[in-house]
């Protein structure tokens, strides 16, 4: 039972973090707060992968020549780390585009509050 | 050399164009369009070659860097992926030809980055379709979605808000998909689709794998706007520049549909889905609801692009219904409808673009029969597209509905059959509303019939793609038996 | 509306935690992902990388070898993603400045 | 920066620190074969050094160091280095991104090693240029400019 807990509790914290991120994205009205939630959400998934790469008693995946023959149990799984390097870059790129959109929106409407933004848009629709 | 590398060449040529455009066309902007057009034409040619090769040689695997699959990344060229790449590349080539004038009119000073971003979107789509690796699919999904956010955001005043909402939704979708990949990787230890297809049947009722399937389908569903997750779609299509909506609407959602077909039927397999999660039933019900919901809302719209956007929701419902039926007729209908809807939507959006260029608007109540007199060819193309959407026999639209109807009858789902029939009526209502304005409505007031010389047929670069699509709708309808027996029957996945 | 949101979030977290119960023990060196062979006898990718990275590419850092060689196509995609982001920021925000540059 | 007030301490410290960050970044890129590191990490560090100068010295002064017009073509060049390495392999008769056929060294494994280095340099260049470009563009689109 305790073994099972130790083998899984990290994932549960990751999912709680994920829920916090989703909360920021869905409930908050300010667009920048939504972006903060989005970043938390993405980081939680990165943590999920990195947590899964762990092996007890293993070291970083850089070959140690002094160890002689290669023992896969002595190095943590390198694949999730590689995938997450890519995912981090994707996250940065998305954040950059999102900030560009936020700046464009602020320049046009002078507000970042979603409810007021929708009001402005409805007004524009009526005037057309 | 070209032949041995042909599976990878379509996305790579598009990517090369996207890299070269910012370097070459930074100061000489007029170069951007020819480069983009050449790359798109080359990709279309390569897709034709690939389809012919697949039909004669069988499935082709392409290993990047020479590494064998679970170690490296592979591209898989089977009849389904070859067919869908050809549809995507050919339709976008036609739309790109059409887009030149409307980009010059709507985005005069941003044409260089715009064409580069269009090339990146097509790279992403080709990559998603061809890849045989789950993580590679995620990377290309993100390339195409980032490009889509950008293409939507350069429209009118409201477009950045629409793009931002799509960005938030799309990121949730992409992250769900990535989480699903994580679950799959941790339970099976592999990222290669063919490898997982072998391992998954040994893991029925493994909650992590079931969750992975659910997360992947929901994630892709958000990206492709399956019915309850379609919230971002109408605004995005309406506020985007007309070149963007004509490029995104026909092919964007189809790529998501393709990915869902691939994940459900080729990776996890029908048996896994039947044993673990009532996913196909859910998809079928959502599809049926989407068909009716989208059609009803389309009737209520005044703006033509928004009407077409809601009609897209309905049409994606047809495809979802076909997938959800999970029998051979359903799959044939769904894949055929992928092609049909790409052609029909492209045709109709091009017509909307022509109206926008010549009339300055595409609002339905303001159309009148002057349009038919001055723009006869555009009106003819619209008529063919509308008839095809309704499903009148000689056009392609009839045949996919026919196969879907056969599928519902085979499964004995009469309610879904009813949804199909009702939606055909609703389609007729909202398209005949436009046709009635164009053909019947007399001029308002005493405006002299030939006083307005500005109103004329669209220029050749816009008219020809529209007409080609209109003729293709008729021809492919007449020869659809060839496509179905030659290509699509070979797509029906194993286990059905 | 807000309460519905909270309920959905709680349900999501609960479902995910339930799904995670089926995952292998974290840190187990003999879990499926870390084996040399998958259950259907295809090579296990992670163990292959650890064993052969140095032999194949004469590079000690396995992450570098996977990133640039075994899964190099992913990294090309990653580059493309960030180039897309740069181009979109350019397209959305750099307009007035470009005109100014050309006038000068 | 709109209201840039020069501060001698900030200016001096960032001017001194920035070259060392870049030095370390080059180490991270070129030593990525033997220790944690690589193109993306190093590229981000160079971009951080450039952005530090932009923040401390004001955007106009920083243009002397890295003009904003370079960023987009340079980023494309970085991706082109990566893409070109892959395409060269196709022309030498291998698969896309198969560095062993490139004959960068006598042995196929060493050739792979050099191929990886080449690709990492491309990644570093692209990431540097594009992160700076995103920063510049965000600054340029600032409200009421």
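Note that the chains are named A, B, C and D in the order they appear, and that numbering of residues resets to 1 at the start of each chain.
Definition applied: a contact is a pair of C-beta atoms (placed from the backbone, for glycine too) under 8 Å apart; a residue touches a chain by one contact, two chains touch by 3 or more.
Computed from a predicted model, the values in this text were never measured in an experiment.
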Maximum centroid distance from chain C, chain identifier (CA atoms): B
Between the pairs A-C and A-D, the one where more C-beta pairs touch: A-C
Whole-Å separation of chain centres (CA-atom averages), chain A against chain C: 11
Chain A and chain D, separation of their C-alpha mean positions in angstrom: 23
Chain centre separation (chain A, chain B; CA means) in Å: 28
Geometric centre distance via CA averages, chain D-chain C, whole Å: 21
Sites on chain C at which at least two other chains make contact: 16, 20-21, 23-24, 33-34, 45-46, 49, 60-61, 63, 67, 69, 71-78, 80-90, 92-93
Per-residue overlap in chain A, given as positions that touch at least 2 other chains: 18, 22, 52, 62, 79, 83, 85-86, 89-90, 92-94, 96-97, 100-101, 103-104
Junction residues of chain B, two or more chains touched: 15, 19, 22, 64-65, 135, 139, 142, 146, 149-150, 153, 160, 185-186, 191
Residues on chain C engaged by chain B in the complex (per definition of touch): 15-16, 18-24, 31-35, 38-40, 42-46, 48-49, 69-74, 76-78, 80-81, 83-85, 87-88, 90-92, 95, 98-99
Parts of chain B lying in touch with chain A, wherever the complex brings them together: 135, 138-139, 142, 146, 149-150, 153, 157-158, 160-161, 163-164, 167-168, 171-172, 174-175, 178-179, 182, 185-186, 191
Residues of chain A touching chain D in the complex: 60, 62, 85, 89, 92, 96, 99-100, 103-104, 106-107, 110
Residue ranges of chain D touching chain B (in the complex, touch as defined): 72-73, 75-77, 79-80, 83, 87, 89-91, 93-100
For the chain D and chain C complex, residues of the former touching the latter: 32-40, 69, 71-72, 75-76, 78-79, 82-83, 86, 96-97, 99, 107, 109-110, 112-113, 115-116, 119-120, 122-123, 126-127, 129-131, 133-134, 137-138, 140-141, 145
